[in-house]
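Which chain is which? They are A, B, C and D, in the order written, and residues in each are numbered from 1.
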Amino acid sequence: MKHFAFHLKQSYPMPLVGIIGEREASPENSLRAYTVGHLLAEHGFAIICGGLGGVMEAACRGACDAGGLTLGILPGVDAAEANPYVQIAIVTGLNEARNLLIVRSALALIAIGGEYGTLSEMAFALKMNKPVIALHSWQPERPGVSHPTLYPAQTPEEAVERLLQFVSSPTVRERELPTARS
Amino acid sequence: MKHFAFHLKQSYPMPLVGIIGEREASPENSLRAYTVGHLLAEHGFAIICGGLGGVMEAACRGACDAGGLTLGILPGVDAAEANPYVQIAIVTGLNEARNLLIVRSALALIAIGGEYGTLSEMAFALKMNKPVIALHSWQPERPGVSHPTLYPAQTPEEAVERLLQFVSSPTVRERELPTARS
Amino acid sequence: MKHFAFHLKQSYPMPLVGIIGEREASPENSLRAYTVGHLLAEHGFAIICGGLGGVMEAACRGACDAGGLTLGILPGVDAAEANPYVQIAIVTGLNEARNLLIVRSALALIAIGGEYGTLSEMAFALKMNKPVIALHSWQPERPGVSHPTLYPAQTPEEAVERLLQFVSSPTVRERELPTARS
Amino acid sequence: MKHFAFHLKQSYPMPLVGIIGEREASPENSLRAYTVGHLLAEHGFAIICGGLGGVMEAACRGACDAGGLTLGILPGVDAAEANPYVQIAIVTGLNEARNLLIVRSALALIAIGGEYGTLSEMAFALKMNKPVIALHSWQPERPGVSHPTLYPAQTPEEAVERLLQFVSSPTVRERELPTARS
């Protein structure tokens, strides 16, 4: 535990990146989510998601495999609904209202594929002026409206690279700010 | 109060129609919202909305002028933030998470113009398979996805007519079911 | 509807009184709740409660029988869980978090009997400095702590009389303020 | 990060212990909270709390000093309101409704001192049959009602010892289940 605590002391509250996407994921989107989770963990980010299956599970698995930290914000009343790669489970009992907590807690979000729940999260994030990287996801249209913080991406690598333009990696920050909060 | 109580006894729980839309409303959308509120009240519907300004206030005003009932689901912690045409104020303290309550409580929704909050509500409604009539509002696009319960409309009259295809007017229902629950 | 609208115009947003209490109610507490609901409606108050059975249902029934208005703030995702005397159902999907909405929306509360859910509502109400009349309900103890807005009562009549010391009846207010908001 | 990931793999989802208590803490209760946080971290528990000042901050500080993990479930919309010892901040925007999330996510809770918010959390925890150790905190009274999962304690050491009767330490569990989920 010493190493863990030492590491966190350099950068907490930890920068969280949200991953949102469909529960019934296509194989392509599952692979994209796995890779995104893996890459984010390599860059030192913890990921926050809805904690269930599909894109959420694949992203958590990828992050775990790269030694990262995973948070699941669960809709129901039972921690047992978390996928096996959720390390910290927040049990809300709020049903879909829990979507907002993911958006509020994340510095930026990556949307992968996505059903209507993903669209709701994307809408909240854009309302809060948070960067959303859309990887094969929604494109909301309204005449005369552009989305200043919505960025399309074609590959996991491009998505994470895009994200790093807005949120600096904790690993980098530690090197730059070695005495922060110590 | 006798008349009020008598009326309600015929049809409760009252059928609620949700009105969602932008807080900073254009004059055109305010007029559309006023007319929608007025028409819905004429058909005997109570309306439920976010209780604040813009489209919400115009719709409540229209409903009040037609003798209808208006509910406002407020985001903050103070009933005083309700617009003056909210007859029943539900104070949630949930901020944007209150959007979900409007969607869940309504049988169907009419979206007028709209910012990102409206888009989030539309997404939740479509997820719950509730009819959403979009009057100069969002059109969410994703390759290969259609929206089986999203209907565009050009005028308030068309919007309410569309809505009546999914939700029967309480006035009509009373005539058809004179002894319901009495 | 005209009479209804006219009436409401005098006093909206309508003053709401919260009724909280046990779902598995004893016959004594059911009768108390019925009488409280009836008395509050006679005084022109709308009541707001959790919308389910036991004390909630008895209070709604009493209010309906006196021609009053009843609101149920439901924990689940389906309006059908409302008791038959809920006239307006707010469907939250928030489970127990919906308790807070009852407290926030009410000017004052009457607690009748009560389980732990009632205790949570009482705690929130006292935190917000709202009057709580406890009719055979909880008495939270902590050394050195008194409850400036918690009032015990022995009968429904005493409870409503107590409440009228804090919240003036809408009927009275209309007589005193005949031109308000018209 | 390797050490961190390795450690977590043995025991996730991590067992969380909730710490609830007053925001305006007396020096005695701050010290109690610090000690409780320290002891829980020594036993390998992560702690979850409301993330603000007083008892919450003291407990987080104690846990950090012992190399533990701290989660703060914040009521507002800004991560900056977290105390400096919150390592992971969940931003809810739900105001007091966030109290429920602490209770739902924790296996058991320790209440230290406490205002009405603490009482609400205690009520929810008892409703969910979760152990609550009350360290100089509330004692809710109602004739004929006992609290099967509420346990008073006089010292931090006694409180944590009590808690260990209900929730086994992750350190112990790892020794017993060395191959779990690997």
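Just a few scattered comments:
Here, a contact is a pair of C-beta atoms (placed from the backbone, for glycine too) under 8 Å apart; a residue touches a chain by one contact, two chains touch by 3 or more.
From a predicted model like this one, the values you see are computed outputs, not experimental measurements.
Farthest from chain D in terms of Cα centroid separation is B.
More C-beta pairs in contact connect the chains of A-D than those of the other pair, out of A-D and A-B.
Between the Cα centres of chain A and chain B there is a gap of 33 Å.
Distance from the chain B centre to the chain D centre is 42 Å, each centre being the mean of its Cα atoms.
In terms of their C-alpha centroids, the spacing between chain A and chain D amounts to 25 Å. Contact with two or more other chains is made by residues 77, 93-97, 100 of chain C.
Viewed as a network of touching protein chains, the structure reduces to a complete graph with every chain in contact with every other.
Residues of chain D that touch chain C in their complex: 94-97, 100, 114-117, 119-120, 123-124, 126-127, 137-142. Touching chain B in their complex are the following residues of chain D: 77, 93-97.
Every residue of chain C that touches chain B in the complex is listed here, in rising order: 1-5, 7-9, 12-14, 16, 41, 44, 46, 64, 67-69, 71-73, 77, 79, 82, 84, 86-94, 100-101, 104-105, 181.
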